[in-house]
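After this come two complexes, each holding chain A, first together with chain B and then together with chain C.
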Partner chain A sequence: MKLYIKNYSSYRSDREDVDIRQLLKQKYKLDTRRQDDFIHLALYGAQMLKERTPIREDDELYVTSGYGDVDVIQRTNTYVNKEKEPLKLFDFINLLGNTTSYYVAKSLNIRGKNIFQISDNFTYINSLVSLYASIKNSQKDAILCAIDLASTPTEVSKRVLGVEKDVKIVSSVNYQKFSLDAEDAIAEVEFDLKIYSQDEIHAMMQNGRKAVFNAVRCAKAKNSEDAVLFETMASDALNRALAKNEDMLYIDCYEEKYKILKLKSLK
Partner chain B sequence: MNAYINTYELLCNAGDTESLMEAVYNKESALVIDTSYVKDASAGLGKMEYDNIFTVMDEVTEKVLKDSNLENYHDTLLILGSSVGGMQECEEIFYSEKSFRNIDPNRYSMNALTDHLTKKFGFYDTRALSTACTSSANALLLAKRLIEVEAYENILVMGVDGLCYSTVLGFYALSVLSDKKCIPFDKNRNGMNVAEGVAALLVQNVKMDDSVELKGVGASSDAYHMTNPDPEAGGAMASMKNAITDAGLGADEIDYVNAHGTATIANDRVEALAIERLFGKHVYVSSTKAITGHTLGAAGAIEAVISCEVLKQGMIPPQTGLVELENQNINVPLQRIPMKVKNVISNSFAFGGNNTSIVLGV
Partner chain C sequence: MASVNILKYEINASQGNLSQTLKAIKNGKIEQSLKRIQASLEEVEIPYYSLKQAVLQDQQSIYEALKNLLLKILPAIEATKRPSTALIIGTSLVDWHLVDAIDATVYEDEKQPYVSHKQSIDSYAKVLADEFGLSSFTMTINTACTSSANALLEASNMINAGMFEYAVVLGIEIFSPIMSSGFYAMDLIARRMPMPFDLDRDGLVLGEAIAGIVLGKSDAVWSLEGGFSNCHSQTITSVSQSGDECVEVMQKALQSSGVKADEVTALKAHATGSYSNDLAEINAIGKVFEPSVKFTALKPYIGHTIGASGVLEIALLMAAVDDGFLPKTLFCEHSISSDYAPLTEHVKCQEGLFMCNYFGFGGNNISLIIKKEL
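Up next is the complex of A and B:
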């Protein structure tokens, strides 16, 4: 399966210290009321993508996340079950996965299909497969938003993810605009459905190929590049390679199973 | 490559597939009026009896495997649609202990359900979709597309949602929860009933004697309002049109619309308008949520099972609870209609104007 990347946008909380809500209000003139940090993060990435590439009304939209908006779940549970307060209307609305998709679609004026896909394993690569299967039929372009918000405190995210306390969790949003058409593409990305074993991955590495691993999940493998975790870090790694016009082999791992994606720069 | 639904099963407030269809055709609502969820108020709900939603999933998944041509699920992709995932159990722990401390992360989020099923049945791979009330309809949509690109031969599509305080109270806060049994498309309807259920459909690339073909899928986004549908019904019409086009059919070839029909003021008005504009009165329309309630993320899969049964039994379901039809320009039957049913469209519409329609046929 092969897709072409037309453009991308990227944000990571450990690399940039910005007030996202203020930026959305002041720079992008968006109404940020009734929305929470998760939605603001998604909107910020969307606006950056919009600055870099044309968005069409019939583009499809995919939003994918490792664990969704944990903060709002924590908030609603606290209100309803602990403090015996009524559920706040916009907390309920923001609980829903497609609330984020709605705000992103509205801000980009997209009326095509939109899907929120969530997974604690192979989040990004699996979403690429879904997106590919869809636009292969529709022949439209598609935008993929990969987002993870580090909850406050991050202990809640760690508990939800089931990772050790010393793992650093960061917030991140990464977008790419994909097409089946190579015209004006900056890169191509290849991926498949195969689940590789650790032996197959080691064999792949012995030919000297440089690869980027999901650092925390692929802890047993070498060449881990990043000591932080967010489930959609494949998308971030891809965008970093795009920024440097580099080719990349990305290896993701979950419970001794591996999946790969290959990026080839066309610049 | 065509996609066929070869085996299916469900469990909901009305029981399994057979019991549910009896209730649908006999207009016997399985909804109850409950006073335990909302403080000082009653609410119509679709409730099941079980230990936890995970055991219900196991039972349905096992039944489909037993009835299928598969020995196991090791080469099968699982796509599960849910709006709340494992939140029900998370709430119970939080409610009893007033703390997150003992919540098991592996049974918490959306993918807790797929993780559980993979560990028990050994699925090759999984996807979890959460688009609120279109979740499992979108799972069917994705299954069709993956079969078409020959990515998988066997895909188990599941819709799963258990009752939660968060959803019941959330819809109550939105003032769309009815204190009675819901009456879709009625002039005097006053809202929806939140419900729970589990449905599973095995989608394969091979046709069998009693296959139902997943002929078309369509989706659209209103991008109009967070909770209200586009009053001009543009999104609802677009998703139905897209599904019918994808099926290679014309609107006049659809025999029955299994409507989203939640019985909220806004949904039913807009959906009826979309059906009126697209089909006129030539197509029969009813909403089975008058029996099951609104099972949220599971609704698309549950109503796909109902649609398969309508095709196989050759019988259009009557509208339960209807007294006075609001939109007189659509054809909502009060009695079951025996007829040759060739094509059915099932609608699922969600907050944020997220619309999905599927066309099933024989």
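Up next is the complex of A and C:
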């Protein structure tokens, strides 16, 4: 399967220290009321993408995440289950995964398909698979938002990530706009459904291609580039290579099984 | 889009499995219960469509409920084909793995030693896929009331793209005090029964269900002919009363299936029984179809099962047609439209083209076209 990348946007909390809410209000003139940090993070990435590439009304939108909006679950759990207080109306609405994608779609003036989905493993690659299948059918372009918020306390997120307690997790949002059409594309990405073994991965690396591993998940592999974790970091790795106009082989790992993404710069 | 066949379907809902639910529909004996939830000032009782055997809000109970349903539909797929079968779940369930992690971390009296396992709302699908030898590709979609309907469309796209030979789509929703309180706070819960399209309708009644459909290219009498999904609404909780957003998905679903409106045998409406949703939908029906169109609402039999409703209501519609009839819309005595009214009696029907609508919170709307050809 091959998709062309028209453009991208990227933010990571360990690389930039910005007041996202203020930026959304002042720079992008968006109404931030009744929205959580998770939604603001998604909106910030969307606005940066909008600055870099034309968005069409019928573009499809996919939003994926490792575990979604922890803050709103924590808040409603405290109010309703612990303090026996009534549920706040906008907490109820924000509990739904597609609330985030609604606000993103609205801020981009998209009226096409809009899906919020989570895969337990290979989250980003699985989302690419469904996005590819969809636009293969519709012949439209699609935007993929990959988002993870490191809420406080981060231990909550770490408990569902399958990691050691000392692993550093960060907030991140990464977008790409994909198409089946190569015109004006800055890169192409190839992927498949195949699960690779460690031996196959090592063989693949013999050809000298630059490989980037998911450092925390691929603990046994070498050449890890990043010692922090967020579930959708494949998307961030892609964007980092795009920023440098580099080719890349991204290797993700889960329970000793590997999946790959091949990025080829067209610039 | 190319059609994908519907090979097997089953449900576990408030009236039981498909066979028991059809029996209840024909006998007119619909069971409903009550649930207590926290409202702003006090606890209140609300009507609810409960499963006959309760499924608790914990991971093991939810997993067992999904597994039991899966066991009933999986025989439609040869054992050798399971590795090329995707599993997609549609739900709006809260992720209880996260709730447990919050409990163990945040509250002093519930703190637990640090333990970490990779878990998410999609863990149910992942564990089921591992246990039954399905493809490692799993996915859980949360687009509120359209979750499992969207899962069906995503699954059919993947089969048409040649990625998988089969796909199992499950929808699940179980009683959640938080979700129920949310709907109550929005003043959307009916006092007693849902009365879709009736002048006196006063809201929806939630329900719980697990439902499943197997899609593939093997021969079958039912097929998913096409559909269209979008995100377009006036507000985050409702489409405009003109129904124009609904018209768009209905017309594009017809286009994607190569079907004209007058070729549609009947329409399964989303029809929650809420004031604005029903008004928008009947206005949309009026803009797409002639007044002679047959349409019905299934929620008075099984409740509004949110994320499960996509798979559940299609499965129930197919089972009714397999049994030779289209169910009437219960409790609608005076339609809100002078020209358009839902079925007030069961109508004979054995095959045809059917439109199935779902319009949800978060602006998600979807319309699917299914066909039965004998």
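The rule we apply is simple: the second predicted complex is superposed on the first by the 266 of 267 C-alpha atoms of A that agree within 3 Å, B and C clash if a C-alpha of one lies under 4 Å from a C-alpha of the other, contacts with A are read in each partner's own complex, and residues count from 1 in each chain.
We take it that a contact is a pair of C-beta atoms (placed from the backbone, for glycine too) under 8 Å apart; a residue touches a chain by one contact, two chains touch by 3 or more.
Everything quoted here is computed from the prediction, not taken from an experiment.
**Q** With everything superposed onto chain A, say whether chain B and chain C fit together or clash.
**A** Chain B and chain C clash in the superposed model.
**Q** Would you check which partner chain A:L96 touches, where first means chain B only, second means chain C only, and both and neither mean what they say?
**A** both
**Q** Given the touch rule stated above, what does A:P153 touch, chain B (first), chain C (second), both, or neither?
**A** In the superposed model, A:P153 contacts chain C only, not chain B.
**Q** Just to be sure I read the superposition right, which of the two partners does A:L87 touch: chain B = first, chain C = second, or both, or neither?
**A** Touch partners of A:L87: chain B and chain C.
**Q** Touching A:E200, do we find chain B (first), chain C (second), both, or neither?
**A** Neither chain B nor chain C is touched by A:E200.
**Q** Pick one for A:N109: touches chain B only (first), chain C only (second), both, or neither.
**A** After superposing on A, A:N109 lies in contact with chain B but is clear of chain C.
**Q** In the superposed arrangement, does A:E164 touch chain B (first), chain C (second), both or neither?
**A** Touch status of A:E164: second partner only.
**Q** After lining up the shared chain so the two structures overlap, which partner does A:D31 touch, if you call chain B first and chain C second: first, second, both or neither?
**A** Neither: A:D31 stays clear of chain B and chain C.
**Q** Mind sorting out which residues of chain A both chain B and chain C touch, each in its own complex?
**A** 61, 67-68, 73-74, 76-77, 80-82, 86-87, 89, 92-93, 95-99, 101-103, 105-106, 110-121, 126, 129-130, 132-134, 136-137, 156, 159-162, 193, 195
**Q** Chain A touches which residues of chain B in the complex?
**A** Contacts found on chain B: 83, 87, 90-91, 94-95, 98, 100, 103, 105-106, 108-111, 114-115, 124-132, 134, 138, 141-142, 145-146, 148-149, 151-152, 165-166, 169-174, 219-223, 226-227, 235, 238, 246, 350-354.
**Q** Applying the document's contact rule, which stretches of chain C touch chain A when the two form their complex?
**A** Those in contact with chain A are residues 1, 38-41, 92, 94-95, 97-107, 114-123, 125-126, 135-144, 150, 154, 157-158, 160-161, 163, 177-179, 181-183, 185-186, 229-233, 236-237, 360-364.
**Q** If we count contacts the way the header does, which residues on chain A are in touch with chain B in the complex?
**A** Listed in rising order, the residues of chain A that touch chain B are 1, 61, 67-68, 73-74, 76-77, 80-82, 86-89, 92-93, 95-99, 101-103, 105-106, 109-122, 126, 129-130, 132-134, 136-137, 156, 159-162, 193, 195.
**Q** So in the complex, the part of chain A that touches chain C is made up of which residues?
**A** 61, 66-68, 70, 73-74, 76-78, 80-82, 84-87, 89, 92-93, 95-99, 101-103, 105-106, 110-121, 126-127, 129-130, 132-134, 136-137, 153, 155-165, 193, 195, 254, 257
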